[in-house]
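One chain, chain A, links the two complexes that follow: it is found with chain B in the first and with chain C in the second.
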Partner chain A sequence: MKFDSVIMGGGLAGMVAGISLQQEGKSTAVISTGQSCLHFFSGSFESLAEPSPRVAELFSQAGIRLHYQKGVRLMPLGSFQESALALEDIDIFPTPQFSRRTLIVNFMGYHDFFSSFLAEGLEKQGIQCRIRFINLPELEPTEMARGEMRPVQIARTMDRIWEKAVQEIRLLLKDEDTVILPQVFGLQDISVPSRIRQALPARVVFAGTMPPSIPGIRTQMLLKKRYQLLGGTFLMGDEAVRAHIHDGVVHSIVTKNLDSHYLEGDSFILATGGLFSKGLKSNPFQIFEPVMGLDVEYAEDRNTWYNPSFAEKQPYMDYGVKTDENLHPFLEGRSVTNLYAIGSLLGNTRPELGSGAGLAINSAFAAVDEILRSAQHDKED
Partner chain B sequence: MKLQEYTTSKHNFEECMKCTVCTAYCPVLQVNPLYPGPKQAGPDGERLRLKDPYFFNYALKYCLNCKRCEVACPSGVKVADLIQGARIKYDHRPPKLRDQILASTDFMGSLARPFAPIVNGVTGLGITKTVLDATLKIDHRRTFPKYSGRSFEGWLKRRTKEQAAFPEQVAYFHGCYVNYNYPQLGKDLVKVLNALGIGVQLLEKEKCCGIAMITNGMSAQATKHAKHNVGVLAKAVEKGLKIVTTSSTCTLTMRDEYPNLLGVDNSAVRDSLLMATRLIYEKLEKGAVLKFRADYHKKIAYHTPCHLEKLGWGVFSERLLKMIPGVEFTLLDSNCCGISGTYGFKKENYEASQNIGAPLFEQIRAVNPDVVACDCETCKWQIEMSTGYPVMNPISILAEALE
Partner chain C sequence: MNPNEFDVIIIGGGITGAGTQRDCAMRGLRTLLIERSDIATGATGRNHGLLHSGARYAVNDPESAEECIRENMILRTIAAHCIDETEGLFITLPEDDLAYQQNFVESCRKAGIGAEIIDPDLARRLEPSVNPELIGAVKVPDGSVDPFRLCAANMLDAKLHGGQVRLHTEVTGFIREGDTIKGVHTRNRQTGEEADFYAPVTVNACGIWGQHMAELAGVRIGMFPAKGALLIFAHRVNNMVINRCRKPSNADILVPGDTVCVIGTTSTRIPFEECDHVAVTPDEVDLLITEGAKLAPSLSSTRILRAYAGVRPLVSADDDPSGRNISRGIVCLDHESRDGLKGFVTITGGKLMTYRLMAEIATDTVCRKLGVDKPCTTATTPLPGSEERSYEAVAQKIWEAPSTAQKAAASRMGTRASRIRTGDRRDDALICECEEVSVGEINAAIERMDVSTLTDLRRRTRVGMGTCQGEFCACRAAGLLAKAHGCVERERKDLADFLQERWKGNFPIGWGDTLREAEYTQWVYKHVLGL
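Moving on to the complex of A and B:
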């Protein structure tokens, strides 16, 4: 099967690249090995410090609403982190002292939302907190598998009965100016978070839960939908296993499911993620890129890969595939001229492109621009 | 060493990082609180079962075997194999009479075929459904598949000479459905392949792929079928033939369930076993041409069956359908229809089955197509019964659109 571009990886970087190329009239395929990192997405686009119309447009066309404001956001364990660009349901506050009194509400029996940690963190900021649980018959064990009371299960129920939850919360609310709820709203019906905000007489803040992340899954679904609507071919559950590379040019990709049916393309984008997503792998001797064996930047001495103090910055997080200025990676010291490495696969080898979601988006745009530019160049030749 | 016993499983449960993504995509977990979900039933449960079979949970029977957990898993854990593997290994209760009847698709087919008009009439009656519901716990709200009076095998045998005249040849694993219920699909395949200059041969006596036996606690019989079929397929492969199929589930079963669940080595035949859509697409890509009617117009909504999604080959059906001039194509969202073979026929699963399918049915009604396209026979029964829209295999649509 032949495409203009074959994209390996269906996470944020891969989807942004796929959507952008489809929009420019290119034919693409995205190969996604299982569900992506977006299932762990906080909802805040790290390291995108400037408001970018290009980002805003791409997401709004996919039906994903973003907002931009420099400040801090509330973390799941009650601390705060800097943020600027985020999904609409993720609040950004000018300072951590965003409330005087807060009511933290959780569902009875739901263990993956850390209300007491949140309260502890907020009280450090001088915010008075009260924790209350609500009990809804729709979340009883007879309605939901015990032990599997997870964000998605609750969110599906809440898409139907969020008004009931709002009624319960109204009864609990006393003189608090803010209500904190777990991020389990708006999975299919994306209007739910804003409707809850309108329905309660206090500020509503949605705080993160254990994964999977509901805002993340929603983002993933909407990006995939947009990509397919633009005619993109999304190969779910498949995996690039190797590539045919001759003279510094990738000709085709072999995948696990399509085996002898190769995916051919003019250009290829590798967006398979970092160590967490297995875009990079390690053994006691080396850190390597498993699909093509590309050159990876990492320290030779294994003892320096990690910091024994777990909470400290870990050096291995910086390791990534080596690239030239146009994001072409190297194979045995030689750049592969129709291949682009983007997203977490780069580690911190390209600090100017940012980190996290910012790196994913910036590098995807850079690769897309380069692909379009060289296609234009070929045409003129 | 005990430690080894406790930690080594045929399936890779130790690669699970407990991210719970699979639970987000399990269709059963959303509708049936009795099911512990793929994470608990799969990798979590395996860890305990290896220590003591006492931890085997009989609620694993609620698993649909749709494989959506495996498709979703970012770590490549064989979640569905862990679940079905555990059922094979630990559930030694003899299967119920009902399950044996439902699972023996080819045996029942060969019994019913000679009396097809009578059988079809009787299974359509309300009283029959009430009796079957009361005695066997086969849900009375189900519509039963109709049997055909003439088998596909007989039809193709009568055309052996004619088919042998084509320069290129393939063997066709038609499966129980084409043979006993719906020979038209087989005839459609022959028409399309003939148009490409390919003749179609039968295998030397194929048997049911055995998937219904695997999921109904009859793995010993399934293994017999698997060994038999691998032998039959090998004979075709030795003759240099590719084997095509029109059922995504038969294909997945013979390619993946045989080695992974039944331990039957199919390495000699696996790569030669293809969905017909893939073979046809590859032919067209290499320059072969199908001539389509100029007046063909159809609004088609394509549903990718779960097992085709697991195979990763839905893209071939999708592209073939889009290739037909005059087709207005919609790709339906990735959802399970809920029937999963014999699962939805069982009284205890009927509600869950219909609830699982609801989002798909809703979307089909919203799209309002002329026809729903789908490569799976049981999805077809479920969608036709639940939405009233006709369902056709992409092969039949190709055949209909041919000049």
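Moving on to the complex of A and C:
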């Protein structure tokens, strides 16, 4: 199988690259294990300081609305973090004193939403809080398997019965100006969060839960849908295992499922993630890139990989694949000229491109631009 | 009666202190146990969790071997819910001397340990994880014991017999009148509250910290801190304990326990200042992995969950200040006859396996001082929860058709599992998926077992001991603790402390899946939850 570009990794970086290239008329394939860091996405693009029209356009065409406002957002344990760009259902407040009286609503028996922590955090800001639990028959154990009061299970149910939940909440509301609800709405039906906001007579704030993140999963699904609509080939449940590289050029890659049907391309994008996503792997002796054996920037002495204090920044989080100015990674000291490394695979080796979601998007755009530029260049030649 | 007056004060909430309190309380004494941290935080909770058959000591220390096998048989009956009767193997590898085996088996038999030479083929079938290269195998009655559970059950029984327990409370000094210890000054380390307690006898059961406690009372004991490092693997690779059949050495015991297995240990003299902060070094980690893989080769590719270390309370003989003549046996010092200090007894040395015997000896001494003439019954009276031998039978009795989570609860709590509130979603919801711990079980622990922090809760319920190392359950359990204690602010700090404590055992083995998990945990708590 031959594509213009083969993208390894279906997380935020891989999807942004895939969609952008398809939009430019390139044929691409995305190889995805099916899970990505988007499943743990907070909904806020912390390191994208400026609103970029390119980002907004890409997301809005995929049906994902973003909003830009400098301020703070409410964290699941009741603290506040600076934010500027976020998914539409993640509120950004000018100051933490966003309410006078707030009603926090949780589901009976749901432990992945931290209502008491939220209340304590808000009361520190002078916001009066009341916590109430609602009990819906659809969330009874007969309806849901034992021990399965987890975000996705509840969100699936809520897609069906959110109106009933709203009725219950309406009964609980007294003179509160704000209602805080767990972020378990709008998994499949993306209109639900805004419809809840319209249906309640108070401001509605959705606060995060323990992962997986419902807005994150939704974002992932919408990006994938958009990519497929543009004609991209999404290889779900597969992963690249090795590559054929000669003279600093990748010719094809081998995947787990496709066996001898190599994926060929003019260019390749490696967006397999960091240590958590297994884009990088480690053993007691080294940190390595498992698909191609690319050069990785890390400290040799494993005792320097960590900081003994959990709360401190950890050195291992900075480790990543080494790249040249055009994001071409190195293999045994030599750059691979039709390969691009993007996203958290880079660690903090390219701080100018940001971190987290910002790094994913910035590096994806940079790689796409470079691919288009060199294709243009080839044509002119 | 002054509520601060007791017959005996026991300092130290390890297994020796807990066992001594139980024995004293069962003989009718009014007891108070004081622990500066939580239960089982010293050597008690930092060892293999091996129910020694005594075979390991048979050749070099027949006295200890005999003590072990006697206590082994007693614990099987009185502490059934803390024990897994796995049996054990002593294997000879090609690099070991097979001639040692004969001497070993004879020594075992002399000590009363049922040791049976079996064909290496049979050993491979009994324990498929064992190194297939083995050239000899001996089967012995080893097992595994959960020291946290054992400690908690002893303390619970003491309380059921009227005992009082003060955790997170430090002894800051002794109340001394002339040549007699009359009581202790204490300070609660969480609230800062100070209090004095009085008793005609005080027992020093502080393990390696016993030397310091004795100094505080004005007497001297020569102790030698010996650090032992261990690794916990994320899977129960073996079902039987696997030992090397050779002179005891580093990293030659692999013990299965609950869902995991533990390899250890090493032995290094350390200075006293390090006892509170023992760290596992990379060299120790490497040695444990290399030697461990010789017992069970699959260990070299099994994920390691944690590295930890404990400090053995070794005591030097009184006539040997150099420490060359160190005993691993039980040491009970009546400071009245030894040093002329009345009302003070030290119980130390020994090992987890012989805690009950140590408690009996200490209690005999206390009773003699108080003029109490009551026999010890701890060898025949089951601990609370251990009235039935099989946890499956217990679960069946309580729930008829128990779920796996209910079976897990019964295996942890024994017959006391019947006290777990169950039957609706609020109580049955799982907090810890790795170890299958429900809200009901956690609340039962909070209500009855002196839990003030998440780490305390872990020692009593195994919350956060599984493969995720508390990543998901810590936050949920923190919610329950915040509710129980009515203080979110304290719980927020507690959560941070818990994560730091977990990380301490993770970073020395931070590679592979451990590093993945760590990256994820760090990211979730910092960026997603905003702790």
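The criterion applied here is as follows: the second predicted complex is superposed on the first by the 381 of 381 C-alpha atoms of A that agree within 3 Å, B and C clash if a C-alpha of one lies under 4 Å from a C-alpha of the other, contacts with A are read in each partner's own complex, and residues count from 1 in each chain.
Following the convention adopted for this analysis, contacts are C-beta pairs under 8 Å (C-beta built on N, C-alpha and C of every residue); 3 or more make two chains touch, one makes a residue touch a chain.
Since the model is a prediction, treat every value here as computed from it, not as a measurement.
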Touch check for A:Ile217: first (chain B), second (chain C), both, or neither? first
So, A:Ser79: does it touch chain B (first), chain C (second), both, or neither? second
After lining up the shared chain so the two structures overlap, which partner does A:Tyr68 touch, if you call chain B first and chain C second: first, second, both or neither? neither
According to the stated criteria, A:Phe93 is in contact with first (chain B), second (chain C), both, or neither; which is it? neither
Kindly classify A:Phe288 by the partners it touches after superposition: chain B alone (first), chain C alone (second), both, or neither? neither
One more residue to check, A:Phe40. First (chain B), second (chain C), both or neither? both
With the two complexes superposed on chain A, say which partner A:Gly274 touches: chain B (first), chain C (second), both, or neither. second
Return first, second, both or neither, reflecting whether A:His261 touches chain B, chain C, both chains, or no partner chain. first
Common interface positions of chain A, toward chain B and toward chain C: 40, 141, 146-147, 210-211, 278
Chain C contacts chain A in the complex at 282, 285-286, 289, 403, 405, 424-426, 428-431, 433, 438-439, 472, 475-476, 478-480, 482-483, 488-489, 491-492, 496, 499-500, 502-504, 507, 510-512, 515-516, 518-520, 522-524, 527-531
Please give the residue numbers of chain A that touch chain C in the complex, ascending. 40, 42, 46, 75-81, 108-112, 114-117, 119-120, 139-141, 146-147, 149, 208, 210-211, 213, 274-276, 278, 281-284, 302-303, 305-306, 308-311, 314, 316-317, 356
For chain B, which residues are in contact with chain A within the complex? 19-21, 23-25, 29-30, 32-37, 39-40, 70-76, 271, 278, 282, 285, 309-313, 315, 319, 331, 333-334
Can you name the residues of chain A that touch chain B in the complex? 1, 33-37, 39-40, 141-148, 150, 152-153, 156, 210-212, 217, 225, 228, 233, 235-239, 255-261, 277-278
